[in-house]
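As written, the chains take the letters A, B, C and D, and residue 1 is the first residue of each chain.
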Amino acid sequence: MIRVGVFGATGYTGLEVIRRLRHHTAVELTFATSETYAGQNLSRAYPVGWDVPLVPSADAPLDAVDAVFCCLPHAASMPSVIRAREAGARVIDLSADFRLRDAATYQRWYGVTHAAPHLLEDAVYGIPEINRNAVRQTDILANPGCYPTSVILGLYPLLKTNLLAENTPIIADSKSGVSGAGRKPSLKTHFVEVNENLSPYNIGRAHRHLAEMEQAVERWGHTSAPVIFSPHLVPISRGMLSTIYVSLNQNITEEAVLSLYGSVFAASPMVRILPAGELASFAHTRRTDTAVISVTVVRPRQLIVCASIDNLGKGAAGQAVQNFNVMFGLDETESLYF
Amino acid sequence: MIRVGVFGATGYTGLEVIRRLRHHTAVELTFATSETYAGQNLSRAYPVGWDVPLVPSADAPLDAVDAVFCCLPHAASMPSVIRAREAGARVIDLSADFRLRDAATYQRWYGVTHAAPHLLEDAVYGIPEINRNAVRQTDILANPGCYPTSVILGLYPLLKTNLLAENTPIIADSKSGVSGAGRKPSLKTHFVEVNENLSPYNIGRAHRHLAEMEQAVERWGHTSAPVIFSPHLVPISRGMLSTIYVSLNQNITEEAVLSLYGSVFAASPMVRILPAGELASFAHTRRTDTAVISVTVVRPRQLIVCASIDNLGKGAAGQAVQNFNVMFGLDETESLYF
Amino acid sequence: MIRVGVFGATGYTGLEVIRRLRHHTAVELTFATSETYAGQNLSRAYPVGWDVPLVPSADAPLDAVDAVFCCLPHAASMPSVIRAREAGARVIDLSADFRLRDAATYQRWYGVTHAAPHLLEDAVYGIPEINRNAVRQTDILANPGCYPTSVILGLYPLLKTNLLAENTPIIADSKSGVSGAGRKPSLKTHFVEVNENLSPYNIGRAHRHLAEMEQAVERWGHTSAPVIFSPHLVPISRGMLSTIYVSLNQNITEEAVLSLYGSVFAASPMVRILPAGELASFAHTRRTDTAVISVTVVRPRQLIVCASIDNLGKGAAGQAVQNFNVMFGLDETESLYF
Amino acid sequence: MIRVGVFGATGYTGLEVIRRLRHHTAVELTFATSETYAGQNLSRAYPVGWDVPLVPSADAPLDAVDAVFCCLPHAASMPSVIRAREAGARVIDLSADFRLRDAATYQRWYGVTHAAPHLLEDAVYGIPEINRNAVRQTDILANPGCYPTSVILGLYPLLKTNLLAENTPIIADSKSGVSGAGRKPSLKTHFVEVNENLSPYNIGRAHRHLAEMEQAVERWGHTSAPVIFSPHLVPISRGMLSTIYVSLNQNITEEAVLSLYGSVFAASPMVRILPAGELASFAHTRRTDTAVISVTVVRPRQLIVCASIDNLGKGAAGQAVQNFNVMFGLDETESLYF
């Protein structure tokens, strides 16, 4: 059995990581941390029947684990990652702290000096469908953000085959459920403010996840198309859809592009490409760990890609456990939701 | 024109009071207070296009108004009520501070010593459909709570005609929209916690509003039937339904009981009794200032009364403005929503 | 492997039965029927990635199965049950057709003559927590309705120990998610009519599920207390809470009553009793197959029981699979959701 | 008093037209039609307290009215419009039947031969903020669709001043509440299918409203930029947001573009331009008849315009009554919601 610890067990992503680990056949959950609920049980924080004792992170027995999931906010995550690595545990970090290869870029977007720039080189930004081999070998897995996961998976076949028109912006109009904003109460997540509302925020080139997206476009597309990214908050607990508008450098039929997407993801059980005529929606991935993608040709050289994930599933905890499975040579889909 | 001030303009009830006063033909809005948004405009707090400047309550020009609405939380309301009365303004207080006639009872339920017990005698707990004359003459109007408004209106014809069985509990199973919990962020009002959830809280004899209900039963029913009151939070922004189970001391036909309700509220434009076969729902009163009531005979001597109000309408701001209209001899329905 | 067929695979309960059977370690899904989608795949009816071919019910290979789940509406279910029994398959019927022991009572409530009164004697109305042995032995399992499941489980410890006051009505105020109304479009399930609304319907003694409840009270409580049952539709997809008001024939402390509930359900992994101070809500059972119950003592001899289930889980498909597990001597919790 | 009739009173737009006319100071509601509820009262169709008798459209006293609102679906509207014009009544048609100037284009998009091509020349596609004078003089007002209203108002200042880059597509990613789909029950509007879901449909160049948008771009922009239009259904009853991505033919500062928008709509009380830094959301226009617009400069020559309307307000009934007010020389804002 692989001994696993979870830092930040009482946030939404922490809860979902534990939900999957509980019925993971190769995992023994060794510890789960919470500062707020330290000394209590997970069922104090959520209406679940699970008996998971919570310890303060200072008491986490790092020597007794093979791997840790860090489910803490950015900046708060770094110290735990450093400690875990020093203790020799492999790390899956769900925060933004190890996603950007460049410490200066990190500082610019997050307003925090990076505490462990030396670890950035070891860290692998991991989407198994794209860089499974790198994931397998790393000891620090930077689990992608939810928005970037949807956008990068939606673009990847076009990036890989150099189909994007140069110097033309990629426009990603994304819609996210509210759990993406975390569990900390604020006016922005107050039921009465969110319900019956839909609101754009940080649109254009202002949201932190833009950096991840452009890094991925550059790395896997060998190009530097600017991304215009507009997130919208929708009155739904879980789910995400990115509607992505792209210009191509050549004509392509719907049949050909669907065939391309199908073949690129053929060996990837967690990604499903829809047949022509069906569009990806939140419902396609709700409470699953899959990504579902549709592609529509709207004009010559112009596509709309719709990429749907559950923001807590493939967008966070599901992909984290998938990465963990790959890192430890297990069945990639073990304990994931379909 | 009647000059009016509003304390606590940026809570949900404050906003709704101002919404009504803005198109009130006899009112001039003289001031509106907010500590958080002092010096700014109401459109900073809400996505409205109204230009309502906000001042700190210490700067409220009490000499320049004829009446004030206090839309502050309990305990916070008392100092403003006292100041307003000293300045000679008539007060409509939407908090719980002047609803209970007995200062000791207030202290027991609210855990606060009452700061102005001498004003309790002047205060009128006002539901125009029940005690219009007393409302007309008072200078301190204690606007009822939302739950009590629905339950008391639903029971009133039975209380007035002594139809309730003695010593048999009145059971009110109430469902409320989330705006009743106020705008202050908390885990209880977090979208993800509330959405797709329905949760009872403080059921039985534990909720503060029980005291108002039993006070009203005693006063208007001249009896002391115990009330069992179970509030439930539902994932809806606005609205309230109380499903009330009562035992009678005699048989009554559905026709007779509907006729009774119809005649008791015949001169009350803000209350509507549904015909046999139609049940009151949230939709009947959503975004209105009316109460809608249905009565169902289920067994001999056993009724179910369903009483629907909008918790911010007839349950708060609507009834407050209705009370104001009565106090100033205006058309009772002026500026109210139907 | 147990070979299983599903009649009515494209309703909400059919989908949920298949969801559980798909990862059931002892089951082979042999056929799934649909008239509307016959010849197509389940993924035409729902945005799922499952390849489940659908056949018209006339083509169902009844000789090739050991058991069938009937997920059809009442009246429509009887012919399939009869055919399945004739072919020797054991039946789990999720409709109302075999729940009432008396054909005349069935006809009175459902307006349909019973097509197989001879099978009524064989049928077992099965709630494993209550009559596990009878479930084990039957060949026709009548799976209870969602409302009755919540109410009967909530009352059972009181019934079993004769604690209910005689001749005093049991009042069940129930709230249900919309999936309980089925997938057939109607104005009652139109999003705009349901959203931001909460509406009582068939309250008092008018809803068909009353018959099941009173049958259970009589059978397991050896008493005939009248039930007053008020269902309410709430703007939630899945879930159910029954707030049950009961009078007892003796005083009992909260500690004692919680201990009673705990011991009655001690060997029942799908029922959870909450500790004092915590109230059952929709969130406790959302997307699980468990029932979660809280008990509150409100006055001497007066309790409020809150019983929460997912209407499609323990209220339908989850309990059906649980019953199936018991019938076939499997682990009772196999493939169920916690 | 202007005597007014309403065809199709029991659809969502019909209800909202009547809601406004009820408190319109210059209007007498002469008739309201419904086939389904003919002979009954509007309160049979909706939980309102209004006594509005409903007649079959064949009985509508067209001689007794000065104007009619046609709130019928496309194709169904034409006969009533023709009859009303023959009787001399001025018409505000909320259907699509008179929006496209070209009968062949109408037939292509709607699959119906136009029954009154001779009236198309008289018809004015009216958005008061754009062509107030033409609205004033017409006898057949074609009230724009909800999506086109949001997109055209959002683009209009750019069209008017020739700021759009040539041959570059305008991308409108729109999100709509469910009431836009009408009240007729279908699987697409079933609560359980819509709730917790968000789904794109008819994206790219497939939705009928595209024709209106391109007609407006050509007419008011004197250009033929292709529109890419992607509607999304969101689990909200009312509201609409179009996030519009446009390329300009020159650089412009945020200050300059906001100033442009402000001046173009300066005399238009129903349109509000947000200050820099605030983005339009559903909440800005919910249950109002206004349009609220924000403009964000994201890169040189690249803007995002967010245009919010209530789909039943400025997107249908509100704009219809506004057009009516203009046609009859009344205060443009009479009886409208802010």
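Here, contacts are C-beta pairs under 8 Å (C-beta built on N, C-alpha and C of every residue); 3 or more make two chains touch, one makes a residue touch a chain.
Here the structure is a predicted model, which is why all the values come from computation and not from measurement.
Chemist: Comparing centres built from CA atoms, which chain ends up most distant from subunit D?
Modeler: The chain lying farthest from subunit D is C.
Chemist: C-D or A-D: which has the larger count of contacting C-beta pairs?
Modeler: Higher contact count goes to A-D.
Chemist: Centroid of subunit C to centroid of subunit D, CA atoms only: how many Å?
Modeler: 46
Chemist: When the centre of a chain is set as the mean of its C-alpha atoms, what distance in Å lies between subunit B and subunit D?
Modeler: 37
Chemist: From the C-alpha centre of subunit A to that of subunit D, how far is it in Å?
Modeler: Here the centre of subunit D sits 39 Å away from the centre of subunit A.
Chemist: What residues in subunit C touch two or more of the other chains?
Modeler: In subunit C, residues 196, 235-237, 281, 283 touch at least two other chains, as defined above.
Chemist: Looking at the complex, which residues from subunit B come into contact with subunit C?
Modeler: Interface residues on the subunit B side: 169, 171, 173, 175, 193, 196-201, 203-205, 226, 228, 230, 232, 234-239, 241, 243, 245, 279-283, 286, 296-299, 302, 304, 306.
Chemist: Under the definition above, what is the set of subunit A residues touching subunit C in their complex?
Modeler: Where subunit A meets subunit C, its residues are 47, 49-50, 196, 272, 281, 283-284, 287, 290, 292, 338.
Chemist: In the complex formed with subunit B, which residues of subunit A make contact?
Modeler: Per the stated touch rule, the residues are 12, 178-179, 183, 185-187, 189-192, 194-196, 235-237.
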